[in-house]
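Multiple structures follow.
Heads up, the next two complexes both have chain A, just with different partners, chain B and then chain C.
Showing the complex of A and B:
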C-alpha cells in the first residue's frame, strides 16, 4: 500500500504538469502562501495565545506590543488570536461556497451541453438571467429574506455565483460530445447518466478545478464584504469581515483593529489567485473566465 | 446577419430578461417575513376592520399574480411605491440619490480604464521583462485587496494622517476622490489583465507580422493595427463591468457615508424598508440589462465577425 502511494507520488512529481507548475514562480509562491494559511487555520488552538472571545476590560484598544502582537480591540480581545481563528472561517467559507456553486453549476452545465435543444435553451436562459443581477445586490436581497448570519451569507453568495460553472462546463461538454469515445460509450449501451458522469465529467474537471481555485478568492471577498456591512457573521465570531466592521469605528484611534484583518483577507485571496493562475496556465491555458 | 437585425434581436432578448427579473424580484419581496400593513401602521392601534380596509385599499387581498400586475402597472408608469419609513415616494428618493452613484461610477471607471489600459499596454510590450513581472504581480495583489479595506486605509492615510481629503459625507467633488480610487483599484487590475492578454494575442497575429514586414513604423503598427483590435474585448468589458461596480458602490458608499443609491439600499435593508429595497434592486437590474445589451451591440459594431458567430446560436 505504502509502496503504491510512493509510486504514485513519484509518477506525479515526474509528470509534465508538475514540472510545468514548479517552474511557475508565482504559482509556487501562491502554494506556499496557501500552505501557510492552512497551517495557521489547522493549528489555531496551538498558535493563538488567547481564546478568540476572551474579553479583558483592562486592556482595551492597546497598540501592538510583545504581549499582543497585533494589539487588542475595543473589548480587550487579542487581535492576533482572533485573526488566527478567523483563518479557519475564511478558508472554510471559501471552500463551502465553491462546493455549493460547483454542485449547482456543474450538473446543469453537463445536462445543458449533453442534451442540447430546448433543455439547453432553458438552462442557458436561467444562467443569463442570473448573470443580469449584480451579485452583491442579489446576495443582499437574499440575506434580507434569510436574515443575517454567516450560513445565510454562504447560501446567498453561492446562489448568485454558480453561473460561470454552468457556462464553462456546458461549453466543454459540447466540444466533448463530438469525440469518438462518447459515440463509442453510447454505442455499447451506456446510459445517458453514466455517459455524462463517467465519460464527460472527468474531461471537464481540469477547467472546473481552475475555476474553483479562482472563485474561492471572490467568495471570500463577497462574504467578508457582507460581514463588513453587518449582514454576515455576528459577534463574537472572529470572521475577518466582521472584525473590520467592528474595527472601522476605531479606525483613527486604533487602526490596528482594521489593518490586520484586511491584510489577512488580502493574503488569503492572493494565495488562491496566484495558485489559480498557475493551474490555468498548466491545466487549461485556453480557459476564458467571465 | 445585418447590424440592424442583430441590434433588434438583442433588444428583444433584453425585454423578457427584464420581465423575468421583475417576477423574481416581486416574488422575493412577497416571500419576505412580516405583514406590510403592520409595518405600514408601525405599531399604531387600529381596529381589525380598518386593517381589512387598508389591505383592500393596497390590493393585498388579491392573489399574488394580480398583485404582481398591479405592482408592474405602477412600475411602468414610474411609480415604485412609497417608503414605509419616511412615507416619501420611492421614485423621488432614488432620483435624489442616483446622481451621486452615477458620478462615482463614472469617475472610478475612467480612472480604472486609464490605469488599466496603460499598464496592460506596457506589460504587453515589455513582455517577460522585470517591469512586466512587477506590474503583473501588482495587478494580482490589487484584485485580491477587498475594496472596503483599501478604502479604510485610504481614509487613514489621506483623511486622517495628512488631512488632504474629506473622509466622510459629501462636501463637494473632493469627497468622491477616495471612494473613486477604492472602487477603481480592483477593476483597473482586471482591465490591465485583459488588455495585456489581448495585446499579446494580437501581436502574434499574421496581419501584425505583415504590417511589420511592410515596414510600417512602430507607432502605426502598435497603435493603429494592434491596439484597435486588442481593445474590442476591453470595450465590451466596460459594459459588463457595470453590475460589479454597482455592487462595489453599495459597500464603498456605506463606508464613506456618501448620499448615493448604494447607501440608501444599505440603510433601507437595515430599516426593513422593503419598498425602497425593491425599487433600487429593480433600477440596478434594469441598468445592468441595458448595459449588457449595449455591450453586445457595441461589440457587433466594432467586430462584424461577432454578428455571424453569435447570430446563429440565439
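Showing the complex of A and C:
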C-alpha cells in the first residue's frame, strides 16, 4: 500500500503538469501561502494561545506585545487567536460557496450546451440577467429576506455568483458536442444523461477547476463584505469581516484591530488568485507560451 | 432471394442553414441484404455521410427529416422513440467514423470506453464488461490488450485508435455495421489491414456491412454490391462486377475512369469536368447534366428515375443505352 502511494507520488512529481507548475514561481508562492493558511486553520486549537471568545475586561485595546502578538480588541479578546480561528471560517465558507456555485452552474451549463435551442435560450437569459445585477446589492437583498447569519450569507453569495460556471461550461460543452467522440458515444447507445455527465463533463473539468480557484477569493471577499456590513457571522464568531467591522470604530485609537483581519483577508484572496493563475497556465495548453 | 435487413425508402433530409434548405439526401431508396457488404460511393458532399448518420438517427440538430422510411428488421426507425433507438444503437446497428483521432474520448481509458458498450446493453458487472473489452481489443489486433486497455487514447496510433473503435462497435455483435470512410484518415498499409479486419469480423459475426467510401479501389476489394450517389440521389445500384464491367451511368463511368492506375507514361489523370452542384439550388432535370458528355434536351427538363436495366442493376439516366 505504502509502496503504491510512493509510486503514485513519484509518477505525479515527474509528470509534465507538475513540472510546469513548479516552474511557475507565483503559483508556488500561492500554494505555499495557501498551505500555511490551511495549516493554521486545521491546527487552530493548538496554535491559538487563547479561546476566540475569551473576554478580559482588564486588557482592552492593548497594542501588539509578546503576550498578545496582534494586540487585543475592545473586549480584551486576543486578536491573534481570533484570526487563527477565523481562518477556519474563511476557508470553509470559500470552499462551500464554490461547491454550491459549481453545483448550480455546471449542470445548467451542461444542459444549455447539450440541448441548445430554446432550453439554451432560457438558461442563457437567466444567466445574463443575473450577470447584469451588481452582485453585492443582490446578495444584500437576499440576506435581508433570509435574515442575517453565516449560512444565509453563504446561500446568498452562491445564488448571485454561479453565472460564470454556466457560461464557461456551456461554451465548453458546445465545442465538445461537435467532436466526433460524442457522436460515437451516442452511436453505441449511451443515453443523453450518460453522454452529458460521463463524456462531456470530464472534458470541461479543467476549466471548472481553474474557475473554482479563481472564484474562491471573490467568494471570501463577498462573505467578509457582508459580515462587515453586519449581515454575516454574528458575535462572538471570529469572522474576519465581522472583526473588521468591530475594529473600524477604533481605527485611530487601536489600528491593529482592523489591520490584522484585513491583512489576512488580502493574503488568503491573494494566495487563491496566484494558485488559480498558475493552474490556468498549466491546465490550458493553448495558453502555454513557448 | 436474400433477406432484406435494411430498407430505406424515399428518404429526404435537409439541413437548415441561414441561406436556405440544403437537400443533402433527396429521395434515396435502397435495400441492404443480410450478410452482404454494400458500398455507397460518391464525391465529397453528395450526402453519403448524411444518409449513414440518418440510419441510427444520429443527425445533427439542424438536420430535418422531411420524408421517407428507414425500415430495419421490419421496424421503422424514423418513428422509433429515443429509448428504443438507444437500445438499437451499438447493439443492433453500430457505426464507425471517418476520423479515429477524434472519435475516442480523450479523458477516458480505452478499455473503459470499450467496456461501456456491453455495460450499457447487457446486465453484466463492470468487471465482466472490462474482461470482454480486453478480449475484444485483443481480437481486433491490439497487442498486449490487458496492458494497453489501461492507456489513454492519445498514446495510440491512428490505426490502433481505429482498431479500438472497431472493437467498441463490434463488441455487442450488431447485425448492421455502418462504416463511414473508415480508412480515409489512415495510411495505405493500415487501410488494407483495417479492411481485412472488417472483412474477418463480418464473416465471424455474420455482420452486414454498409461501407461508405469515395475510393473505388476499396469498392473493388471488399464490396458485394455498390450504390453510386450524386448530389443527394442514388444514380446507380449494381453488383460490384457489373459496376466495373458495364457501368450504365455516365457519372459511374467517369468515377471509374478517375481511378489512378499504374501507367507507364506520365499521362494526365482522368477527371470529370466541373464540380458537384450546390445542393441549395440543384440543376433542373438530371442533376448531372451540366457535367455530362451524353447530355440531351430531355436531361435538362426531366428528372430520370431509377429503372432496372438487368437483374439487380438499377440506373437513373435517360441515355444509359448510349453509355459505353
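Some observations on this one:
Heads up, the rule we're going with is that the second predicted complex is superposed on the first by the 284 of 290 C-alpha atoms of A that agree within 3 Å, B and C clash if a C-alpha of one lies under 4 Å from a C-alpha of the other, contacts with A are read in each partner's own complex, and residues count from 1 in each chain.
Keep in mind that, in the parts below, contacts are C-beta pairs under 8 Å (C-beta built on N, C-alpha and C of every residue); 3 or more make two chains touch, one makes a residue touch a chain.
Just so it is clear, the structure is predicted and the values come from calculations on it, not from any experiment.
Superposition note: with chain A as the common reference, chain B and chain C can be accommodated side by side. Touch criterion met: A:180 reaches chain C, while chain B stays clear of it.
Look at A:274: by the touch rule set out above, it reaches chain B but stays clear of chain C. In the superposition on chain A, A:32 makes contact with neither chain B nor chain C.
After overlaying the two complexes on the shared chain, residue contacts for A:191 are found with chain C alone; chain B is out of touch.
Once the two complexes are overlaid on the shared chain, A:9 sits clear of chain B and of chain C alike. When the shared chain is aligned, no partner comes close enough to touch A:42: not chain B, not chain C. Set against each other, chain B and chain C touch different numbers of residues in chain A, with B touching more. For the pair chain B and chain C, the minimum alpha-carbon spacing after aligning on chain A is 9 Å.
According to the touch criterion, chain A has no shared surface contacted by chain B in one complex and chain C in the other. Those residues of chain A that touch chain B in the shared complex are 26, 125, 128-129, 131-138, 140-145, 217, 221, 224-225, 228-231, 241, 244, 248, 251-252, 255, 258-259, 261-262, 265-267, 269-270, 273-274, 277, 290. On the side of chain A, the complex with chain C involves touching residues 116-117, 179-181, 183-192, 194, 198-199, 202-203, 205. Chain contact summary for the complex, chain B toward chain A: residues 17, 20-21, 24-25, 28, 31-33, 137, 140-141, 143-150, 152-153, 155-156, 160, 240, 243-244, 246-248, 250-251, 254-255, 265-266, 269-270, 274, 277, 281, 284-285, 288-289, 292. Interface residues of chain C facing chain A in the complex, by the touch rule stated above, are 53, 56, 58, 61, 82, 86-91, 94-95, 97-99, 102-108, 116-117, 120-121, 165, 168-169.
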